[in-house]
Amino acid sequence: MELNGGSVVAMVGKNCVAIASDLRLGNQALTIATNFEKTFPITDRIIIGLPGLATDVITLKERFRYRVNMYTIKEGREIEPETFAHLVSSTLYERRFGPFFVEPVIAGLTKPSEGSVPFIAGTDLIGCLTLPKDFVVSGTASDKLFGMAESLWEPDLGPEELFETISQTLMNAVDRDAFSGWGAVVHVITPDKVITRTLKGRMD
Amino acid sequence: MEAISHAGTVMGVLAKDGVVLAAEKKVTGKLLDLSIAKEGGYGGSGEKIFLLNNNVVAGVAGLTADANSLINYARQAAQRHLFSFNEDIPVEQLAQRLCDLKQGYTQYGGLRPFGVSLLYAGYDPHYQFQLYHSDPSGNYSGWKATCIGANNGTAQSLLKQEYKDGLSTEEAIALTIKIMSKTMDSTTLSSEKLEFSTLTLDPTTKQPLAKIYKPAEIDALLAKHGIEKKEDDVAMAS
Amino acid sequence: MECSFALVGKGYVLVAADTTAARSIVKMKSDEDKTKVLSPHLVMTYSGEPGDTVQFAEYIERNIRLQHMRNNHELRPQSSAAWIRRTLADSLRSRHPYSVNLLLGGYDEATSTPHLYWIDYLGTIASVPYAAHGYGSYFALSTLDRYHNPAASLEEGLRTLRRCIDEVANRMAIGVGKFKVRVVDKDGAREVELPPSVSVA
């Protein structure tokens, strides 16, 4: 986890969810790239965040894309957040004794006919799911993210308030982490659209 | 080959900014339950026209069971390519994959070949919009406009007369509907008898956009192009 | 000490690799080409475990060539990079992983844009404006942070590259020797000469 660095956080709001990641890709203390997003859209209503070993981040992104595409095309409908979370979990557990070094975070909304209910989940590197009601943190700044999220998050935030809360949480947490930072990307998923904004932070 | 010549017609027309695919459905009946198909994520009834990948739609003519197996193979091949190369599979390569499989069954004894012809409408950055046809032997070829299935001879000669280079997608849609209405066995053209799809570029993202029309959209399209029973009769009388 | 650099300019990518083949503290060769032209618009530098490097580079080279012949067109830089990455990522979890680091420069004819990828032996990939591998990266990346200009002409790009090499030569405890430089642009890949070094006071 400390080889490439990187952090992700997801939060629940009122009829919306937010997920954000930093942009750094490092090789131990050396920064290689500052455009490395760790969040990946799965459907119009689900985004996965994958902090951890960068090679596994990319491999898993591609594996999930493969499996979700086959699911979508065969079922003739998009995958639901909870179903996807279990897909993530089983994909990781397949490698129980030689794991991918990634701790995913999933954020999504259920389909409108089921009330666009916010869904967030986190798993450890072998796919053990946790389903909190408030927020999920992961990555090299996860301890700092816990502190920030714990103090800033409150229930029933609207999309714009949630955006502000998650942005402040992530930016202030990664400023205290040498392995994360170099700006961030924030997505807020609402029933009718995904709001994506790129943030500049302390670019050092 | 015999089965294909009796199968519902599938027609493809290449335009400068898109490809159009239309297919005639054969199996219909009041008792056939299409309620699930109507809600389907990709539209269409899933009988003749299938989405193979983001950038390719295919129309099939022949044995339905064989076709389903080929469609599944194509979808997996396309996803494997995406997985290895992080790009949508080039249309010709996808056609090649299927043809390699089909050719295999003509060479080894004991098994029968796939009794399916396909039309592939697709887009890739190398050759932009493309239309391919493949037959059960594993031959494939690229076309500006072509037709497979029942009455394909009539349709092809009509296409030959009416096709012009540099058509727009709208014009190609009109041409397709016009010729389909002339060649199909039934006199009435409606969503019960027709499947329809287009492949264009999304105006904002410039990514390929496959659209398989839902039954209601087909009826709307037919109404827009004035293909209804009465007008057809008038045209024939004149 | 092995090191390689690369940078993107206006419509081109420059890649450079040192030409020293060393074993332990002994310099065995000073004209080893650690770059490869994979297809008309794709070049790569490679470094890492001796033995693995050449073996892996040739494997990549042949496969990219095969793709070119089968499909009558070049594999695009994005797709080549993705395929090379997959090969390394698969190899990482095999019984004997290749330990090879690459810089991949290519020109995409479909969109007329240059692309540069930093790839390491783990299968990590990053699309970057400039990149370096080896101990040289600790000096060169800072130099490139300061002097890199994505809209630079080829002459300007070569001068920036020269600065990097001079900086590394200046600061490195061990001499780095000569560099092999290749450029790839719309006209394809070719070797270029570095401008003479300007004394950095």
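Lettered A, B and C in written order, each chain numbered from 1.
Going forward, a contact is a pair of C-beta atoms (placed from the backbone, for glycine too) under 8 Å apart; a residue touches a chain by one contact, two chains touch by 3 or more.
Listed by chain with UniProt protein names: A, C = Proteasome subunit beta; B = Proteasome subunit alpha type.
Here the structure is a predicted model, which means the values were calculated and not measured.
Taking the mean of all protein Cα atoms as the centre, the chain whose own Cα mean lies nearest is A. Interface comparison, A-B versus A-C: the pair with the greater number of contacting C-beta pairs is A-C. Centroids of chain B (Proteasome subunit alpha type) and chain C (Proteasome subunit beta) (each the mean of its C-alpha atoms) stand 45 Å apart. Inter-chain centre distance (chain A (Proteasome subunit beta) to chain B (Proteasome subunit alpha type), centres taken as mean C-alpha positions): 39 Å. Separation between the centroids of chain A (Proteasome subunit beta) and chain C (Proteasome subunit beta), computed from CA atoms only, is 32 Å. Shared contact sites, meaning residues of chain C (Proteasome subunit beta) that touch two or more other chains, fall at 86.
Residues of chain B (Proteasome subunit alpha type) in contact with two or more other chains: 83, 86. Across the assembly, chain A (Proteasome subunit beta) contributes residues 62 that each touch 2 or more other chains. Residues of chain C (Proteasome subunit beta) that touch chain B (Proteasome subunit alpha type) in their complex: 71, 73, 75-76, 78-79, 81-83, 86, 110-111.
For chain C (Proteasome subunit beta) in complex with chain A (Proteasome subunit beta), the touching residues are 85-86, 88-89, 92-93, 118, 120, 122-128, 131, 137-138, 141. Chain A (Proteasome subunit beta) meets chain C (Proteasome subunit beta) in the complex at residues 4, 25, 27, 30-33, 35-36, 53-55, 58-59, 62, 98.
On the chain A (Proteasome subunit beta) side of its complex with chain B (Proteasome subunit alpha type), the touching residues are 62-63, 65-66, 69-70, 72-78. Of all residues in chain B (Proteasome subunit alpha type), those touching chain A (Proteasome subunit beta) in their complex are 40-42, 46, 51, 75-76, 79-80, 82-83, 86.
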